[in-house]
Amino acid sequence: MTDGILRLSHVDVRVPDLELALAYYSEVVGLVVTGHDDDRAYLKGWDEHQHHSLILTAAPTYGLDGLGFKLTSEAELDRVAQRVSDAGIAVERFHPGELAEGSGVTARFVGPSGHTIDLEYGMAQVGNGLPLLNPPPAPDDLVGMHPPRLDHVFLLCEDVDGVTRFFRDVLEFRLTEQILADDGHQLTTFLERSHTAHDIAFLTGPDGGFHHLAYWVDEWNDLRVAADTCAYHGVPIDAGPTRHGATRGCGLYFFDPAGNRNEVYTGGYAFDPDDEPTTWTEAEMGRAIFTYRGQVDQGFMTVHS
Amino acid sequence: MTDGILRLSHVDVRVPDLELALAYYSEVVGLVVTGHDDDRAYLKGWDEHQHHSLILTAAPTYGLDGLGFKLTSEAELDRVAQRVSDAGIAVERFHPGELAEGSGVTARFVGPSGHTIDLEYGMAQVGNGLPLLNPPPAPDDLVGMHPPRLDHVFLLCEDVDGVTRFFRDVLEFRLTEQILADDGHQLTTFLERSHTAHDIAFLTGPDGGFHHLAYWVDEWNDLRVAADTCAYHGVPIDAGPTRHGATRGCGLYFFDPAGNRNEVYTGGYAFDPDDEPTTWTEAEMGRAIFTYRGQVDQGFMTVHS
Amino acid sequence: MTDGILRLSHVDVRVPDLELALAYYSEVVGLVVTGHDDDRAYLKGWDEHQHHSLILTAAPTYGLDGLGFKLTSEAELDRVAQRVSDAGIAVERFHPGELAEGSGVTARFVGPSGHTIDLEYGMAQVGNGLPLLNPPPAPDDLVGMHPPRLDHVFLLCEDVDGVTRFFRDVLEFRLTEQILADDGHQLTTFLERSHTAHDIAFLTGPDGGFHHLAYWVDEWNDLRVAADTCAYHGVPIDAGPTRHGATRGCGLYFFDPAGNRNEVYTGGYAFDPDDEPTTWTEAEMGRAIFTYRGQVDQGFMTVHS
Amino acid sequence: MTDGILRLSHVDVRVPDLELALAYYSEVVGLVVTGHDDDRAYLKGWDEHQHHSLILTAAPTYGLDGLGFKLTSEAELDRVAQRVSDAGIAVERFHPGELAEGSGVTARFVGPSGHTIDLEYGMAQVGNGLPLLNPPPAPDDLVGMHPPRLDHVFLLCEDVDGVTRFFRDVLEFRLTEQILADDGHQLTTFLERSHTAHDIAFLTGPDGGFHHLAYWVDEWNDLRVAADTCAYHGVPIDAGPTRHGATRGCGLYFFDPAGNRNEVYTGGYAFDPDDEPTTWTEAEMGRAIFTYRGQVDQGFMTVHS
């Protein structure tokens, strides 16, 4: 085993109205804007040091354009990209700055789930807004929910078993949790590289589908702040604040103005490479998703892009 | 860069009265006892899967007997142990179970700080007390502070610069923060392998010295629970609940019955290998340690073992 | 204005299976049992000093048997009882211990909402389980949600305008909030005597109807503990943790084994007698009840007893 | 017993530099400024409806100029003022607006502790900044600690026994807690009218002395926000966040730029008129004040005005 993928690095989502989306993500979610042109905006959680963890791209429809993983070195990027090639998937190579403002060297491919995936190393570092000498605990100009960093992304695909196998065997992810159908196939899987409960998860649905992106917040109390912020700005809350059975984390779901589902998430656990995955049965899927209600609204499963 | 050391695995502390210490760590701190004989007791945070993160050893004096890091594989253990040997330090090899109940294959050496350090792979996995099928969010028999897992250890040594160099160059740690004396030498350093604010830290003092061990708790609210627990049981609180400047985490310090300082800690941040370390000046050392008071009690710096 | 009613004192609910209800209220909700015979059980929040705030009465159906208000003196009890008589309502007088174990002197009447109401003074004081000399902050044997005290009760009646007028004019309550129908009549009213956001509230529905009883908890974090407790014990959660628009408080709703809705509630505000009431329009009723979702499940409005 | 004093209404403190104090109380503490001239500034917690709970008066020294209690009616004001007169203390009467911007009708006297005390009814109501129709949970322009309201004041006097007797017998306060010297006299007493753990407390010291004023915050988490705010602005923290033994509340102490001690406080309990007071022995005074440390810094007891 070698270092390989460090963590989820960024998510690229489509928004029909870029200015509206930018206002929402910067003022309501409270992300920091690090770049902006006519077609795209770049944002990050306040405590992230790299250039962006969210790219907003103007497009006729909402949904996911792609996601990127951060590699620990360029050599590791080469090694993992080679594994993808060896698996029979075409990989395209990009120079720093070629794909996005501040982007690092990147190997891009379309995975078996139909999502465009970047393996990236060397994204520009812009700092977290605090001085490197005698800093205060936080900047004093944070607004909205101001999550410190990106946490995970939740996608859909037709063949969760096959996609999960690819993530484990080729991209070297570990399986932390799974929801199994009564016939034994995987309905949902949770996968990690960062020793957390998940960096990415897959739910059965159409290939290329996007369920939500999640930013981390530090505490349960921050979920109330986030929900109050939604209420104040008229942002539609989809579910929560609540606790998940799978991952044991707590979260709040809501929608950006384009219809992309967002989550702020906290809790979960540390996962070692030799820990055993947890399994949920189909009968307990409601509790696996929402511990408190023990059931999932139809909308939560069917509304996605 | 390769995987190498995953995280701090366990701490081995001396206690003159093993039964008293065991009662304290199991009932007040709320750790789970996984093994116990006449000379030693083994404990872990409830959400840890491996056999132990704390070994209590009966001894005439209190203090630290050693600490262990978890490696990602036996091959990585061999590689890092070779780096230690190459640095001119004698390394001794132990079979699984040879050093402690449940211990994995281990390479042991005495580091330049005078502390005994284990590189370990394959400690027995005992699970976190939750079923692997449809689990509840937590066991229902937790008592006391019940931290989920070990977080970091804080040691003393005479030559912080040299020890820090060894940890960075040989053991492949990253420096996250440092307090510099006016003449430029390092008074205190914070080092990580687990992408957190610190797995280990060194403070200027006598070689082999032990300042505190820290267990993780999830939220600020848990620090109040911990402080109430101390108050209820008459456990002497040394400092906190408070926030640290360095690491930005929040913590509570208190003493076990033998005099070993404990901390429960939460917060901090995620640290990427390419993030820049933060520096504190000697004049701001008080704020680096305790943000709120902006000063450090003399006892906090001078009481250790 | 004189002292009159101090606060809500107790609620008397019917349960078909007394033993099951007692197990639930003592172990899951974590109330303290202060008395118990074949037909009735008496319970209180741990920090209440008086004998009971909840009476469980064995009965074929679930629902509310009555509620009691605590008066500040027997003279005040006489004065308020006289006001009720003067309003043309029959009042019956009971000696201490005559109505319930530990009950004080009581004036009982059936109010215009069809609910049996006790005006009570001198219920037996049993203490909060802490010593009166050098106490710790809390008893160490609390289980479940362990709310410190009763907070409010939420009832139904056909003529909310008329009932509210009775509570204001005769019982000297203050109106804190109201939801008005488009035609101007009161759909829901919130009334207080204890300088809080509400001691009692009325929702349009059948006379004698019972929506929920609410115990106080100190913080938002306690609502997560309560929800985890429900999840652990399989107690059905009806809504929350969430924030209310009206009262600005936060709450969690769930059902006892008999079907009586319970809430644990925190937050809200201090209300002075000369503060102005807040009004919600019918169009904003969803937000008045559940700020975060901005809508009320049909079940929340229609499921009651 | 009749309504009498409702609660602590306001505190009047002296500050040598009015502009500096105003900046501190409005931007760091986050109170709302409701009036301001060359000699005085008026402020209130954001959720208070009346004109002010804090008056800052320019003066050569810091300390307390007086405090006011809110009465429930003018008739009650007359009644309580008569009781003060009957106790042989001169009472002076003032018209609305005569003593301060927005002040109500007031009966002023100097109590046996040497403090100037106002009995006041009818202070101007200015609202809490939220609309009375379909309000959001909070204004969106709050800054700093933004406590919702004043909670209590802590004073010094030579004869705590005598002053406590006056507050109980003449002003109709209830004793909630007391710290007794070994010889049986009262070292510290806690007194309430608002059914909380205390509206006012007295500590043995010079007559007319001022220990601190306390604003309420809703939760333990707000104490960390307050401490972070102090740290950010360089405001000296005196103690906390911590828990008190007496009142069981949690608080943070810090100083305004003039040297007046402030607290933000949360928790405590509801106190009924027939509840028994709690007593602390002199030997346990440290724990009565600061549960966690179990001891009181000399500065905490001796630094006052």
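First chain written, first letter: the chains are A, B, C and D, and each begins at residue 1.
Methods note: a residue touches a chain if its C-beta (ideal position, glycine included) is under 8 Å from a C-beta of that chain, and two chains touch if they have at least 3 such contacts.
Just so it is clear, the structure is predicted and the values come from calculations on it, not from any experiment.
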item: Selected pair, greater C-beta contact count between A-D and B-D; value: B-D
item: Chain pair repeating C-D, as identified from A-B, A-C or B-C when over half of the contact pairs by residue number coincide; value: A-B
item: Centre distance in Å when chain A and chain B are each reduced to the mean of their C-alpha atoms; value: 30
item: CA centroid of chain A to CA centroid of chain D, Å; value: 48
item: Gap in Å, rounded to a whole number, between the CA centres of chain D and chain B; value: 43
item: In chain C, residues with contacts to at least two other chains; value: 137-138, 219-221, 228, 231, 243, 287, 291
item: Footprint of chain D on chain C - complex, ascending; value: 1-3, 6-7, 47, 49-50, 70, 72-73, 76, 122, 125, 127, 130, 132-135, 137-138, 148-149, 194-195, 218-221, 243, 245, 248, 267, 269-270, 272-281, 284, 287-288, 291
item: Chain D partner contacts - residues on chain B that touch it in the complex; value: 220-221, 224, 227-228, 230-231, 236-237, 241-243, 250, 287, 291-294
item: Residues on chain D engaged by chain A in the complex (per definition of touch); value: 136-138, 140, 219, 221, 228, 231-232
